[in-house]
Structures are given as structure tokens and as C-alpha cells.
Amino acid sequence: MRPTPSTVPPQAAAPGPSLAERYRQVRTATERLAAPLSAEDCCVQSMPDASPVKWHLAHTTWFFETFILEPHEPGFHPFDPAFRVFFNSYYQGVGPQHPRPQRGLITRPALETVRAWRAEVDVRMERLLEGIEADGPVARLLELGLQHEQQHQELIVTDIKHLLWCNPGWPTYHPALPEALARDGLHKGGVPAQQWQRIEGGLAQVGHAGAGFAFDNELPRHTVYVQPCELGTRPVNNAQYLAFIEDGGYRHPALWLAEGWDWLRSQHIAHPLYWRQDAQGWSEFTLAGARPLAPAQPVAHLSYYEADAYARWAGARLPTEAEWEVAAAGLGTTDGHFADAGVLHPLPAAAGADATGLQQMFGDVWEWTQSSYAPYPGFAPAVGAVGEYNGKFMVNQYVLRGGSCATPAGHVRASYRNFFPTGARWQFSGLRLARDG
Amino acid sequence: MRPTPSTVPPQAAAPGPSLAERYRQVRTATERLAAPLSAEDCCVQSMPDASPVKWHLAHTTWFFETFILEPHEPGFHPFDPAFRVFFNSYYQGVGPQHPRPQRGLITRPALETVRAWRAEVDVRMERLLEGIEADGPVARLLELGLQHEQQHQELIVTDIKHLLWCNPGWPTYHPALPEALARDGLHKGGVPAQQWQRIEGGLAQVGHAGAGFAFDNELPRHTVYVQPCELGTRPVNNAQYLAFIEDGGYRHPALWLAEGWDWLRSQHIAHPLYWRQDAQGWSEFTLAGARPLAPAQPVAHLSYYEADAYARWAGARLPTEAEWEVAAAGLGTTDGHFADAGVLHPLPAAAGADATGLQQMFGDVWEWTQSSYAPYPGFAPAVGAVGEYNGKFMVNQYVLRGGSCATPAGHVRASYRNFFPTGARWQFSGLRLARDG
Amino acid sequence: MRPTPSTVPPQAAAPGPSLAERYRQVRTATERLAAPLSAEDCCVQSMPDASPVKWHLAHTTWFFETFILEPHEPGFHPFDPAFRVFFNSYYQGVGPQHPRPQRGLITRPALETVRAWRAEVDVRMERLLEGIEADGPVARLLELGLQHEQQHQELIVTDIKHLLWCNPGWPTYHPALPEALARDGLHKGGVPAQQWQRIEGGLAQVGHAGAGFAFDNELPRHTVYVQPCELGTRPVNNAQYLAFIEDGGYRHPALWLAEGWDWLRSQHIAHPLYWRQDAQGWSEFTLAGARPLAPAQPVAHLSYYEADAYARWAGARLPTEAEWEVAAAGLGTTDGHFADAGVLHPLPAAAGADATGLQQMFGDVWEWTQSSYAPYPGFAPAVGAVGEYNGKFMVNQYVLRGGSCATPAGHVRASYRNFFPTGARWQFSGLRLARDG
Amino acid sequence: MRPTPSTVPPQAAAPGPSLAERYRQVRTATERLAAPLSAEDCCVQSMPDASPVKWHLAHTTWFFETFILEPHEPGFHPFDPAFRVFFNSYYQGVGPQHPRPQRGLITRPALETVRAWRAEVDVRMERLLEGIEADGPVARLLELGLQHEQQHQELIVTDIKHLLWCNPGWPTYHPALPEALARDGLHKGGVPAQQWQRIEGGLAQVGHAGAGFAFDNELPRHTVYVQPCELGTRPVNNAQYLAFIEDGGYRHPALWLAEGWDWLRSQHIAHPLYWRQDAQGWSEFTLAGARPLAPAQPVAHLSYYEADAYARWAGARLPTEAEWEVAAAGLGTTDGHFADAGVLHPLPAAAGADATGLQQMFGDVWEWTQSSYAPYPGFAPAVGAVGEYNGKFMVNQYVLRGGSCATPAGHVRASYRNFFPTGARWQFSGLRLARDG
């Protein structure tokens, strides 16, 4: 499942808001996401892969208390020593951890205590930040902590979505999807055709370059040789995916990886997570409740197996992460539809999306690649607990690229590598087709 | 696990408080038990066998709404139609049920909504009760609903105890055990000896007799032939049980039922639930937190396997339920230490407990018998959903007798049959020895 | 699962063949059962509850080597010391055991080595038996070993039936069912009606009496009080059971114990083990291959849950073991259709079976009772490993009575108690109805 | 687990023995491997990942009957139509398959029947081969069938090793390891030091080239960019691995992938498969029984997790498959210690192995690479059932290179890709270190 890649980046954040301002912005954004939820909503864990919202609120605070205040604050004392164990995710170097599948049993501390902890840490952090160098080691740890908190912001969205979906009443997180989704009406006359964008092959550089923050799994930047290929101009949408279902996609073993076929049969899977078919047709659970399936909207909540099977059915394949990165880096922008828009659901392609040119590379849905998550040549883990386990998730997971409608704006970039096991579906995970060029 | 035995009793409750008064007393007692708990505490389910406190608050209300208001209130309308499914435990005749292991995922309705539901149902019930016959069918259903609610009061105590114990901080439900427990000091000089009380054999009558309420599993009263035997004068206490542990009780297969030995090994069990051994010695988790093991206190939280193994080690056996009932009926009282005392933990035997005479037959701890839970000869299930499943738990469970420190006073009697699977330990379950006479 | 009840009986076998003759008869009968099977058939274990035939051949030999030759043969040396562990079933007092679910991995020793072991032990046993007292302790151990071996003879039949059924080719053990089964033709015109036989209630004696052999679980003989009741004159047959299926018996939760309903749903069960429905109708797998379902034949291969549900559907119940024993003891005979007939499949009721009088109490199918397997009052385990675990299976199992078509003739009696867990179906287990009288 | 990669190769085998001669050689080699085993040994399945030897004998025959005789033999009729299902491994295009975990329940057909089937198919195949073109489609299918059979030869060795190891008597497959293993004595004075061989980076070609046979997963040959690096001159040996164990390698989470740490803890793993520690020190189970651990012998039977953890502990990493292939292709030979030597156990490095130059790249042990098993750019599955599933195992498995002491000589080459899931240990799987150059 989603780890929390973490390391001390080689260079601190680009100029912009002050450290304290940026700290305040990120911390506030987290609380805004939790605001519509009750203490009960925040306490419960719907499955071992997901965590309670209260746990996310606490664990991100634990990060600042443990890695910044404890070593750098004069006269440091913890808010509550027990929290060191309760809210440690997987840092063996920090000490023992409360078992992940039992995070939902922690009814004490109460949500309000966790909020009080956040408030106290924020006061102490902001005091500490006043005196630090903009480019020194504490600033770099701060940046790491903020990037880490942004990753948990996305998990707050996806984990609460899963919990609310488990409730047979399909309750809502926010009242209604914004009118942006009405754009779908533009496509009433038909779904835009799939176009292809050629990617020239040859030697290329991938991995992070430049001054901004990056996780260590994006490093070192290095040379790869890429074959010429073509990428779909936009992510696969619901209409396309529905055609796959209606063509018996979930019933033909020849379309599936052997392991995917076993997965599908043992779990009785016949459609993406959050879809439902009844007498009224297909609908989808969203954070604003159920709504009829929108054909032009990128398909989301697919496992790797489903993305792979769809691509095979379509006579194509998933892109490699190098192909994706080369194409994305060429755009010169990371603009897209992210969590800050408040929709928390993928948007349909724009009207012109059947024209040429890559659309929606960033935002909307994470795009599965066919690349397993592996260290880049020369990858070296950072020293100490904060970077202790940088590579420890690099096995049996696959890379997704581009961010989603639940990712904070500004968080991703062309070299950003997300990763999940092949059966994970509760993220906003979709796909873009590729084929040999 | 604990079912909710339910049937229409042959005769309604004995004279005493009015129906409405009694209704109010029982309903208020339930809320008093939940009062020290937060919404988070009330929402979470610690294991499939246990239910959230919120679920207990709701399900007991569902019972009155479904079985009394719906058929008997003019112009009935449900508080929320979805609750019919959410809070149905296992009444297939009423319709589908939310899966038991997922009761803890129901963060909506909120606790406050469930409390509002309780309040509304209480108003409507009290209005209804004004016009009904003291001895008619509605009164009988009411009595059943109140007995049912009392059973759930006990489960609120045992389920919240299990949840709090799962929290590594071992938080407390109430601040401190009352000074009653200090009585243990009386035994500092040594634990009182085990005495035996002879039970004459021969033909006897068991099962409920007389005018008061009884569950259908206590009926019909019938003849049995009992062999002469002896019962321990009091339940086995912690000091006795500790001697068993220290003698290697958990390491000798010859002391255990074969299935018990497999259970112990696969679950790595070496002491009763809620016990812990560290450098300071043995301690026990209580609803008031951890405390050193009190030697003279009845041992609790044993599985059937442990009770059986202890008895074998002690050169004795578990009593049959007939032996227990014949002995208990002879006492002429059901007095004992029950939940109303507010301690919610078993008390040590009184100073004179090494004298003759049966002590603590009622209250303190449920006593495992060697009898499997089976229908009495002539047992006939009641008609309709309310009694639909009276006997459906009569397999692979064993009978416990006498009530515990978590049972509401007045709820049990000599003929009362509780029952649990052999591996259950989260109830206040102990034992009393028996031997052939 | 089927234990091997074992104890030193209070009195040795009744006069008849000499000890050596009797030994030879029983040992030869075992080998006759294995004769139609290949070394491969004898090696494989189809499920943890079943054992390979080779294991049965070896374990019964282990019993004589361990409990008779080792202590009583001058200059004893084991055939192979490793066999002491390999072929110990569950005698913890003898030492460690090879894990039960891995009995099928023992390809060495080979079947022929096990046969050589049997032959050598037989020579040594027969030499030893020449010099022993007909009524002494060795003779009593011998009788126990022979009774033990007869129990394993039945398991050879039921375990190989299960293994062959697992093979999709449904291969056969013996070529054809004898013509006795053609009797079913007699009932072409209709299935004989169910009659009832009244059993007078009152005080009765149950448990073994007299001079012959009995297992310790049949002792001590003791007084019980039985309510008046009625028993079905014959076991429930396939036609009756089919009517239950066709009436939706497997689809109505109200007919089932709650645990049985869970069992049925989680295991997708909709008919007895070994039944199959296809375009040609219902057929049944037998040791002679598939054959169309014979309506007048006693239904077999039911779990306790199915027997209980059928009885409830039929407006009746299962008998208690005391009711069954009182009725069976009154017959004055244990004649019936047993394994020695060579059919190894239950026979239809005789033509006159719709007349009064109890039919087929012995042989054909084991009859589930509603009684859990529990110690009789005063039950005392024997001393030493041979009797070490007499009672260790007395929990969560239910008693079956009367023997089956796979039981050796002469092995059972009115007081004989067989027992299995509620979900076991691979024995020839059926039922006889009872109702309150 | 080990699939059976299968496709129609672009070009048939190089000149050498005639098709019929080659067919006979391969088929005979298979039977020679099974010759020391009894029918019981050949029937049993020790775990779902392994198959019975009889199944291997049958499945390889099924391949020729199904893919060559059925479409190409005039008047074809199957030996037994039921075998089409019994011995289909995973070819969904051919039809249903007997469930893999139940292969060991197939006691019928008997081993001798399977041998008769082999003999008949061999006669018919050899007759057919007389009339076919040396380079036509049937010849290409034949070559595929023979390569497939060689893969199963290796599995016969590893599967029977696992089965014999499950037997607590640790029986042997062949009487004694040949004296080749005595070479270890050469190293009594100390284990040869680890040397490094530099691999120049840059653009390189990987994948199969030339006229000989290759599986489709080795195609197409394509360009990659490799970073400069160094490879260990020989595989890691037992002495090195023991140092890792003695340094607490299995107790430090920081050395392990997170998933590997969970694997190790849940399965209680503390050393390679087949190792055992007792009072005499470390020993290893081999096909010739137990022998003391030989320090200079390549370590075998490691999972990916263990290989990865060892490399991290040693300050190195696993090679990528491209690095390995570039290095191996440079050797200009595939000579090594393979199954044909009859040892079926890895040999110690030669005396000069602490000199420079790559040793033991081929044979002895399969070497885990850090590369997940993925399609090469441009990979295209073949048409029809024979190539239906060429890529269906390309997820969550990792590539191993070089062949082992159980691989038939001549079967592997520099481009050969074997693959297994990360937890698999029953193959002869070891590792060679790599580090950035």
C-alpha cells in the first residue's frame, strides 16, 4: 500500500511564501479536509489498507514532533509520550508501532485531543521556524514533512471515500458535485474519439532535475533508452471502459494476466470499485453520493489487473514509466485538475480532447504504468530514521504517474512516482493507453 | 456468541412498578452505562463477536419499534426506515441484516441521532403503554423487550471492556474500583480453603416454574435424574488458578480436551484473557484500568477449555447444568453481586467463605457447566419473528449459570441459561468445581 | 473427527474363537479391504479429516507393537524406530506425532514395507498370544487393539470413498453393487410411509452392561429419566430427503440452526455429499461408481446440520441418545446390514418396512442424535497412554448410533457411541426421526 | 510459480541430431529422472506450488498429444479423452483444467498407465516425425515441446526434493553425492575472497539473437542503456551467507524490504530452505540426504527477499537482468555445472575462483536479479493456444538467470529468462552481488 516515501531532499524548496506561511497553508489544508467529518467518521478504519482520518491528523503531527521538534526545539518535551508508538507508521528506527490493521481501535486519544496536539505542535513549530535558515537542514526536513502531509491529505480523501462507501446508506462527504461536472453534457452527442500522440524514441534523461523538492525515489536523474511509441491523448473514459465490460471483458481469461484472473474470480469482481448496476443502469459512488455513470469522465478506481486487461482488449498496452515521463516532461507544465478545486472526482475531457495533443496528463486520475517500482541506477537511501526506509517498498508494486483529483495542486511533477500493489483500487487510479510506435 | 433468546413468556411480570415505570428504569439504566463513553468509544467494534455500544443502544430501540410500535401504534411510521436493516441482529423473518462483522463501520447515523431515536421511541412507547392491559400480549412483548435490553446492558459492559483493552494505553471506563475490592486485604494471610457441599441425587425438576418471566429455553419444566455429587462452596479464585498456571497447566496436553489443546497452541494462550505478567508480577485489566491480581477474587474471562482443564487438574470436573440448578434452587434466593453495585468486576469471597454452604452462586462470574446448550424435552419455539429463532443457537455452545458482576440485578434466576461457544472469553466467565458424590 | 476411543475394558471378550484366531480374522479383514487398491491409492490423503489407507494399515500395527509387543515381548526391538512417530495418531503419552494433515506426504515407508511390518508383527503377536491367559491384562489389551482396528476398517472405507470421489473421473473401488440393491425395484410403486414406534418414558438404565467388550465412553451404566416419545420405524430415505430439497429446504433459514445456515452458505451446500444433479436427474457416487439415486435407500452422508434441518422441516426432531439406546436395547439383537456383506452402501428398507416395528436400527447408516458427546456420570479415564485420552474428544461433537454398512459386523451394540463434529459428512451418516410422545 | 513459457520460435533448432533422435533423448532423460522413484513418490503433491512427478510425466505427454498429434496425425484419437482435462496445466484455450492444488489427488490413472501413455505417444510421435520438414511448423512445435519438457525435468528434481524433505525421515533420491563435492576440501584453509568484475556501461543489445531456439519472452532483441557496474566474480556461497545469519541478518528490519520483513515474521523464517541447525551445527538437506553445510558451495534455496537482504547487508545490490545478460553474453560460452552431471546440487567454486573473471554464471544456482518479469519492448504473443498465454505471468515475479544444477545442459543461454514470485524458495535459487561501477 501507499508508503510515505521520505528523505531529505538535496535542495530546499524554491522561493515563494515564507517557511512559516507555507507550513500554515499545508497544515490548514489538512484540517479543512477533515472539517466535514464527525469524530466517529474520523475514528473508524474500513480496511487494513486504509487508515482513520484521526490517525492521519495525528501521524502527520507525529512527523513534525519526532523529526523536527524533538531534535531541534530547546527543552523539548512530547505532548504525550504514548503517541510516539500510537502514531508511528512504519519507522522501525523510531521504535515500535501500533499494528496497522488496529489503527481503528484507538478511540482514545479523542479527536479533540489530537486537534489540541496539532494546535500545540503548530505553535511550537512556527516559533521554531522563525529562527531557522531558509536553506538549512531544518528547512529541508520541514519541506519533507510538508510533502509527507500532502500525501496524507490525498489518503484522507481516498480513505474516507472507502469508509462511507462501506455504509449501506452511501452517505456523503460534501453536499454536491460542483457544476464543473455538468460539462459532461457537452458530450451527449457521443464520446470523443481516442487519438494518439507519437513519442520519439532514443536516449533520454529521466528522474528529477533542478532546484525544487523531490523524493529520493526520483533520483538520481539518469539516462534511459526509450523505444518510439504512441500514447493516448487522454485517459480512458467510462464509456470506453463500459464497452469493455459489455464485450465480456471480465469473462474472458485470455484478456487477463493469470494472477489477475485469479484475483477477479476469488473476489467476484466484475466492474471498477464504486460502480453499481441496477434497474436504472450504472451508477457510481462519489464523495457527494451516488450519481449516474458519466461517459466522458476518466475511469477511476481500477486495479493494475483491470488497467492491463483493458489495454490488451483495446489492442494496446500500458505505458512504461519512462515513456510517460518523457512525454510529460515535454509539456512544460503540471497544470491539471487537482484537489484544490474541491471537486474530488475526475472531470470529463474538455470539448477539444479528441483533437491532438496530450490532455489530462496531470490531475484527474493516477495513471498505471507497466513498470514495477524499482530503484533508479545509483539510488542511495538517506541516512537516519527519516530516510531509513526509502527503498523498502520497492518490490511487487507498480508505478502510477500524474496525480489525481485528490492530490494537492503543486504536489506532483513529471518525475513523481506513486506506487501501489496490483490489487489496490481505492485510489483514483485509471490509465492511458500506449502502443509501439 | 451471545444470542438474544427471545420468546413470548407464558405469563407476564410479577406485580411491582407500573409497566411505564419499569420501561423507564430499564431504558435509563442502558443510557447510564453508555454515559461515560465518547461517540468514538461507542462507534468502534473490537472484534466480530462484540458490537459497538451505539449498535446496542440502537438495536434495543429497534426491538421496541419493530415488535411493539409497528404492530400496535396507530399511524405508525418508522423514525428512519434504513434502521430496520442496520440494527436488525439476526431476525431473518424481519428481513435482511447488516453483516455482523461490519457493525463498526456504521459511523452514520451518529450517536446523537441514535440517542434522538431512543428519546422519540421512549415518548411513543410510554404513550402506548398507558392504554394497555397489564397482562395482555403487548405487556408480554414489553417484558420480553426489557429482558432483551438487560441482556444487551451486560454486553455493553463486556464489549467496551474488550475495546478498551485493545488500546495499548489501557484506558479506563470509570475512574476507580470501589473500596469493596479492598476486602481482598482480609485474605492477606492466605486464601480460604476450598470446601464441598453435597447435593443429594435422585429425581428432580428443572426448568422455570411459577409466575415470573422466563425465556423459552428454560421451558418446559421437566423431570431429570441427578446422580449424587458435591459442588465447591465458592467459585475458583485467582490464587487457585495461578497455582494451576505455575504448575505448568498450560503446558501439559493431558490436562486438556484435544480441541482445547489445539486452541491454546494456535492462539498462543497461556493465561486468562486480560491477565498480564511483567517484572512486577501478574496484573489484570479492569474497567478501572490495570490492577495487581487479587488472589481471593473469582477467576474470570476463562474459555470453556480453560475451565475444563483447570477442573481436571484439580481432580474434579465441571458441574452439569442440572446439578447446578438443583443446588441453586435450594438456596431460595438469587441475591448476589450484580451490575447495579457499579463495580463491574467480581468481588472476593467473603471472609467466611471457607465455611460450609454455597457462596456466590449468583453474580460475580458466570459459571461454565459441562452441559451443551440443548432444547429441553418438549421445547416448542414460539410463533412469529419475535420467537422465530428461539432454538437456533442450540448447537456447539455450552451453558453458563448464575449471572455475573455485569448482569443487571433481578435479571437471572436458578433456571436461567446463558450459553457461549467454547472459545469465548470476553464475558465474566469462571467456574465452580464439582465431583461425583 | 473420529477418534480412536480406547481403554482397557473391565472384562475380556466372550468365549468364541481363540485369541490368535480372532486376531488373525480381524487383521485379515483389514488387508482384504485394502486389497483392491494400488500403492498410489493407499498413499494419498484427500483432506485433513481423512487418512491414507497405508496410514491406517500402519497405525493399527503400531498399536500392537507399541502397547503389546513393546511391554510384553521378551527381547523386544521395534521393526523401525521411526515408525513410532510416523504412525502415532494422537497419543501424547507415547511421544510426538507426525502432523495429521501431512499424513499423505509419507511416501516412504512404501506400502510394501508397511505390509512387511504387518506380517512381522503378526508373526510375533501370534507367538506371544500362545502363552497368555485368556482373561488377563494382555488379552484385554488385545481385545482393545482389535476393536481399534475394526474402527479403522470403517475409516478405510469412508476415507477411500472420499479420495476416489475427489478424482473427477469418479473411479471405482469395487466393480458393481451387488444385486441386493435391486430390491429398490420393489418400491417402484411408491415409497413406504413413515410409521412411528412409541417409546415409554420413565427411569431407565443406559450404558454398557454384561460381560462383553465396551469402550470406556459407554461406562458406567447409569440411570436416566426419559420422557415418553416416538421414533420413526426406519431411517429417513432418499425420497423423503429429496422432497425436503425440492421444497426449498436448503433455502429457508428458518429451518436451520444459525450455525448450520452459516455453514451451508459459506460452503455452497445444497444437497448431501456425493449427490450430483445433472440433465439426467439426481445420481450418487458410490464405491462402485455413480448410480441414479435410489428412493427407498436410507439417506447418507448428512452433516448434523442437515439431519437437524430435515427433522425440523418434517415437524419432528432428532432423538436423544438415551431414547435411541432404550429403543435399541429393547430389540434384543444387533443384526443389520454391515460391512461384511461387501456392499458398502446402505440398503433400502425391506418391503414390510411400512409396517410397525423398528427397522434398520443397526447397520446401513449411523443415526445422528441430538446429544452432544459428553462423559457419563462417574466416567473415569483409564490409567496410562492406552487410556490416556479417553475423554479428550468430549466437546463440540455429537453422538451417532447403530453402525453403518461400513462397520464390521459384531462391532457395535445398543450402548455403542460414535461421535463426529457437526459438519462431518464423509461417514455414512443419516437420521431417524423422533417426536415427543 | 514456474509457468511453462511457450511459443512458436522464429527459427527451428540448429543442426545436430535428427528430430526423432532429439525427441528420444529428451523423453528418455525425463524417464531417467523418475526412475529412482516409486509410484507413491510420483503420485503425491507436497504443496500447491509443486506438482507430482506423475503429473509432470503426463503433462509433457499431453503437450505432444494435444499440440502435435491431434492436429497433425491422420486418424488421431486420444489415448484417453479424460486426460485432456487432468493434465492441462493452464491452457484456457484448450479447455478446463483440474485444479492445480488437487493434482496430488489423482491416484488414477496409475503411474504405469501414464508410462504406457508416454510409450504410445512416443511411438506415434516418432512415426509422425519421419515425414516432416526439418524446418517446418511441426518441427518448430516439436522443438517447443522438447524445451517445455526440459523445463519440467528441472521441476521434477525440485518438486521431488521438496516432497522428500517434508518426510521427517529425510529419505534420499539417489544414494550419495558424487565425489565432485569433495572439492570443498580444497577450501578448508579458508573461503576464497569475493572479487569484482567491471561491466562497462553504455548502449547494449539484449534479448535473443541468432538461429537457435528461444522462448518468446527473450524477444525481440532490443537496445538498452546500461550504467557501468561491477558484478561479483562468483555466486555468494554458504560461508558468506552464514556470516550474514550470524550477524543477525534475519533480526534487523533495516536490512529487509518491508514486504520481506512481514514474510519472514509471519513464516518464522531464519535461514534458507533445507538448512537445519542442531547440536552438531548447520546441515543441509540434499537429494542424497543430509550433509554438513559446505562453506564454499553457492548458497541455494533463497527467496528474492533473502537475496535482496543479503546484498544490502553486504553493501551491494542485486544485478539487473540487463547487466547480467551483457556480462554473460560476453563470456562466449554457456558451459557450467548442470543436471546432466547427475549431482543435482550446486558445486563449490573452483580453486581459482578468487582470481578475477566471472565464474559459474551458468549452472549451479539460478541468480535472482532485481528486475521484475516484464515484456520486452515490442513483445507480441503468438497466435493460438500454444502461445496463448505467453505473457500472462508478467506481473509480480522476478527474473532469475543462468540455470542451475537441476537444469538440463544446453537448455539455457545468456538471454534465457526464468521467473518466480518473491517468496519462492524450492528452486536452486541463489545470487551474485552487483554494485554501481
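To keep things simple, chains are lettered A, B, C and D as they appear, and every chain counts its residues starting from 1.
By our rule, a residue touches a chain if its C-beta (ideal position, glycine included) is under 8 Å from a C-beta of that chain, and two chains touch if they have at least 3 such contacts.
Since the model is a prediction, treat every value here as computed from it, not as a measurement.
Asks: With a step meaning a move to a chain it touches, how many steps does the shortest path from chain B to chain D take?
Replies: 2
Asks: Can you list every chain that touches chain B and also touches chain C?
Replies: Chains in contact with chain B as well as chain C: not a single one.
Asks: Most remote chain relative to chain B, going by C-alpha centroids?
Replies: Result for max centroid distance from chain B is chain D.
Asks: In whole angstrom, what separates the CA-based centres of chain C and chain D?
Replies: Inter-chain centre distance comes to 47 Å.
Asks: Measuring centre to centre with CA averages, how many angstrom lie between chain A and chain D?
Replies: For chain A versus chain D, the centre distance works out to 38 Å.
Asks: Taking the mean of the C-alpha atoms as each chain's centre, how many Å separate chain A from chain C?
Replies: So the centroids are 60 Å from each other.
Asks: Which positions in chain D are in touch with at least two other chains?
Replies: none
Asks: With touch defined as at the start, can you tell me which chain C residues reach chain B in the complex?
Replies: 3, 90, 92-93, 203, 222-225, 227, 253-254, 256-260, 304-305, 308, 317, 370-372, 374-375, 377-378, 388-389, 391-396, 422, 436
Asks: What residues on chain B touch chain A, complex-wise?
Replies: 38-44, 46, 82, 85-86, 98, 102, 104-108, 110-111, 163-164, 166-169, 171
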